[in-house]
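Each of the two complexes below includes chain A, the first together with chain B, the second together with chain C.
After this line comes the complex of A and B, so read on.
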């Protein structure tokens, strides 16, 4: 396990963009973990400047590093807490969706036949689901809650990974060493999870990274439209607050920070994916 | 072609016991175009501590036969047999689960075809063998590892190599690793499917020699069902030989007898196609034509279309499995003319005439 982790770190850091992406992800991860410690103010309190007036729409200064909102709230603190929500949603929906997608792909590709037919038609149906209307329906049924956002994202994102994993499984299933494993008496479970899965691991990590990136984007889009948990502010949620305040032409800082962070995190994830794409071959690892 | 002596051991059974007995086994694939009779009424038996060599061209059903024994057939296949038994135990009525737990690899192991690609590229070679041992035996990891190292030494690989990945091995080393894996659980029968194909002749020779040595060293007798299209490998290793063609065994006999006194025209033709050390200047003669499609039912002898000695009856009725000598079986209608065949088989024009007939 330790060896596995080191290998992953080596893969990412050998690639220059991958190393950059890894650092950015680590940076946001630390912020998410330490949010209450790092945030200088409460994100929901209206703050006052030194002269006792409400700090409404202050541009970045030494007092408010990233500026304030129209309600006089500190954007830096909001950004820090929003990072926590975004990372939580991105990570959990990314991981859950790859778990679902990988298993559906593996089972479908390995067993084939009727099971493959059922699972792949299910995937086709999910391909037909538009994300936003699906989320809107889910939220109007159950309420604006962070977990429903995660569920909605998971329900959509797994489809691509399922197809890709299935295709790869179909090819590996036919390889000689799988037949050899069968001849040794390996059962279906052992063949799927011990012989096929490790062979598609680089691909899986690539898609984990993609899925997280997609989840972050989807969450940002949904919260910008107001379909997010009002108790858990996210980057998209900050943009939504800006939009409804009507100050989008005035407060460039209010708009800039969340946008930059979204772009930064998503591209960092894509860079890490790129690093994995180049190492989709285990032979390169030992050298 | 020397038989290794049966080593003294506590659980050796009587030397004449049959390890694997197959009687009238047929494996048919049902595909949209019809039924492919890949194996069509094969009978053979492998004795204790015996090497049975099964020779045949590509596509003659050798691999299907192995897959039938190992239960690796796809769903489209159906198997019928009068008898299929291992050490007297009926395999036909044995459930898949019981087969997997008791017979597979414990008793019957396999060195698969293209053994070079039969190692999982993402695991260390040693770990793959350890996995097999631990899956079938109740053995600690450390103990299993040292067993793997011993096995490696047995097949001529350094014990340190257990920690290497398959891509760091050469073809010959991978082959040896696969042989080590097949020996891991000390099985009674090892099926070797083209064990030396794709290796250069020197490595081939060395591996075959080592295989003989391993068999001599082993405490318990081990039979081998050796399957290849390479007659020289068969000749070097086997005690008994079967010649397979288009899903049937044309002729089977003890090795020396089969080479000295072949009865079947196909065996005669095969002998012509291989160089002999005693007659270096002899011209090699190939058999014109190609094996028949197995998708149509062939009522007579499957070789009749290419056989220069074929008669009406050969095409119309399937020849019986005739025991021409004790333990020497031939599927041919015209065994009484064998002297004439042997004389004419060395003549190139004989074989060309068969071409004009078809």
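After this line comes the complex of A and C, so read on.
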């Protein structure tokens, strides 16, 4: 396990952008973990300035590092807690969806035949569902709850990794060492998970990173449109509050910080994916 | 080839059918009263009972499903809960607005993206190349509302060059079709949302064109062209780019399928009266007939784009056409 982790770190840091990406992800991860410790104020209380007035729409200052909202709430604290929500949603959706996608791809590619047909038809159907509208429909019907958001995202994001894993499995399945393992009497389960899976690891990690990135983007989009948990603010949710307050013309700070963080986190994940892409697809290295 | 297309079309029909079925069940799984998706719960109970009979909601689920499919295909999509307008008429108007916006954004993306991709490949690893790649990656990571609001803040709020939203100036009577395209006001309102849509799509064709060009530039026939003494410009455009274009065009249909979500966001930010805005509005106000129909129409667009992609890939790569059994 430990050498697995070290290998991953080496892969990510060898690539220029990958190292930057890894650092950014680490940064946000730490903030997400330590949120209650780091946030200077409660994100939901309306605060007052030193002279007792309500701190409405204050630009960044020494008192309120990132400024305040139209309700007098500290944006820095909101951002810190929102990091927790965003990271939680991104990570959960990303990991669950790669688990689903990888398994469907492996089983589909390995067994072929009827199972393959059925699973690939299913994938085609899911490919036919537009992502954001589906999120909107599910969340509006079942309630604005953080868990429904995660479930809704997972329902769709697995589709890309399923197809790619299946393609890889199809090609690996023909290789000599698989045939040798079969000749020695290895069962299907053992072949899939002990022999094929380790060989598609770089591809899986690439798509894990992509899946998390897409989850973060989708969640930000749905939140911005108002389809998110009002109790668990995320970066998109902060922007939604900004949008409906109508103060977009005045409060550049309210817009800037969540936007920058979304862009940073998603780019970081994409960079990490690119680092894995070079490992998974050696032809790219020469370019 | 024809057999391939027919097979793909059949699969597409199956997918459409499956999506319609999924939609049927999702909306029926509403917590609470399942009939609320057809008859607004705001109506008087006696009226609701009568409507239930009239809509056949007291019939068994299987019969309702049959009715649902029949209505879907005969374009009888019900009436809005909020405005009582026929849903189909609402959607047709908004469908074309969305298509105009998408087409405008897409044209810009293709022209600019392909051009830039070409130049980037030619001047490989130059500051232009590296800078553009970075810019493309950042644009890809920025949700469309970020780029949209940024454009609004700079070009609209500050510099007052463009209107802040809508498709026509407030108070203008509703236009559609040719009259719409002919009005200058429409184009003035189109610029910012189209730019936002374009930025959202931009990274893919640009980077793919670049990769494709790089691969082609390494080929023998380019060597020959250089040996013949042709100018770099002619080699780049007439020889390399023409061949590099193919992957970009096939990727375009995939892109559109994936980017419908971005469309929704752009329409919301710029209050553009299209399907995306309707989707958000109807979902927020629990106007189920409209939400259901809009989702179905959006899904149809995506599925149709997927079909185009499959057919164009099949045309390009004979192995796919002949069925991937050959190994």
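Heads up, the rule we're going with is that the second predicted complex is superposed on the first by the 280 of 287 C-alpha atoms of A that agree within 3 Å, B and C clash if a C-alpha of one lies under 4 Å from a C-alpha of the other, contacts with A are read in each partner's own complex, and residues count from 1 in each chain.
We adopt the following convention: contacts are C-beta pairs under 8 Å (C-beta built on N, C-alpha and C of every residue); 3 or more make two chains touch, one makes a residue touch a chain.
If you're wondering where the values come from, they're calculated on a predicted model, not measured in any experiment.
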### Task
Look at where chain B and chain C land on chain A after superposing the complexes, then choose clash or fit.
fit
### Task
May I ask you to decide whether A:5 touches chain B, chain C, both, or neither, giving the answer as first, second, both or neither?
neither
### Task
Kindly classify A:177 by the partners it touches after superposition: chain B alone (first), chain C alone (second), both, or neither?
first
#### Entry: Which of chain B and chain C A:50 touches, first, second, both or neither
neither
### Message
Contacts for A:37 in the overlay, against chain B (first) and chain C (second): which applies, first, second, both or neither?
### Response
neither
### Task
Could you look at A:195 and tell me whether it touches chain B, chain C, both or neither (first, second, both, neither)?
first
### Query
After lining up the shared chain so the two structures overlap, which partner does A:185 touch, if you call chain B first and chain C second: first, second, both or neither?
first
### Message
Going by the contact rule stated at the top, is it chain B or chain C that touches a larger number of residues on chain A?
### Response
C
### Query
Once both complexes sit on top of each other, what is the least C-alpha distance from chain B to chain C, rounded to whole angstrom?
13
#### Entry: On chain A, positions contacted by chain B and by chain C
none
### Task
Quick one: which bits of chain C touch chain A in the complex? Just the residue numbers, please.
11, 14-16, 18-19, 22, 26-27, 29-31, 137-138, 140-146, 149-150, 152-153, 157, 211, 214, 257-258, 260-262, 264-265, 268, 279-280, 283-284, 286, 291, 294-295, 298-299, 301-303, 306, 324, 327
### Summary
Interface with chain A, chain B side, in the complex: residues 70, 72, 100-101, 104-105, 109-110, 112-115, 117-123, 131-132, 135-136, 165, 167-168, 178, 181
### Query
Once bound in the complex, which stretches of chain A touch chain B?
175-177, 179-187, 190, 194-195, 198-199, 201, 282-283, 286
#### Entry: Footprint of chain C on chain A - complex, ascending
121, 124-125, 127-134, 136-138, 140-143, 170, 174, 213, 217-218, 220-221, 224-227, 236, 239, 248-249, 252, 255, 259, 262-263, 266-267, 270-271, 287
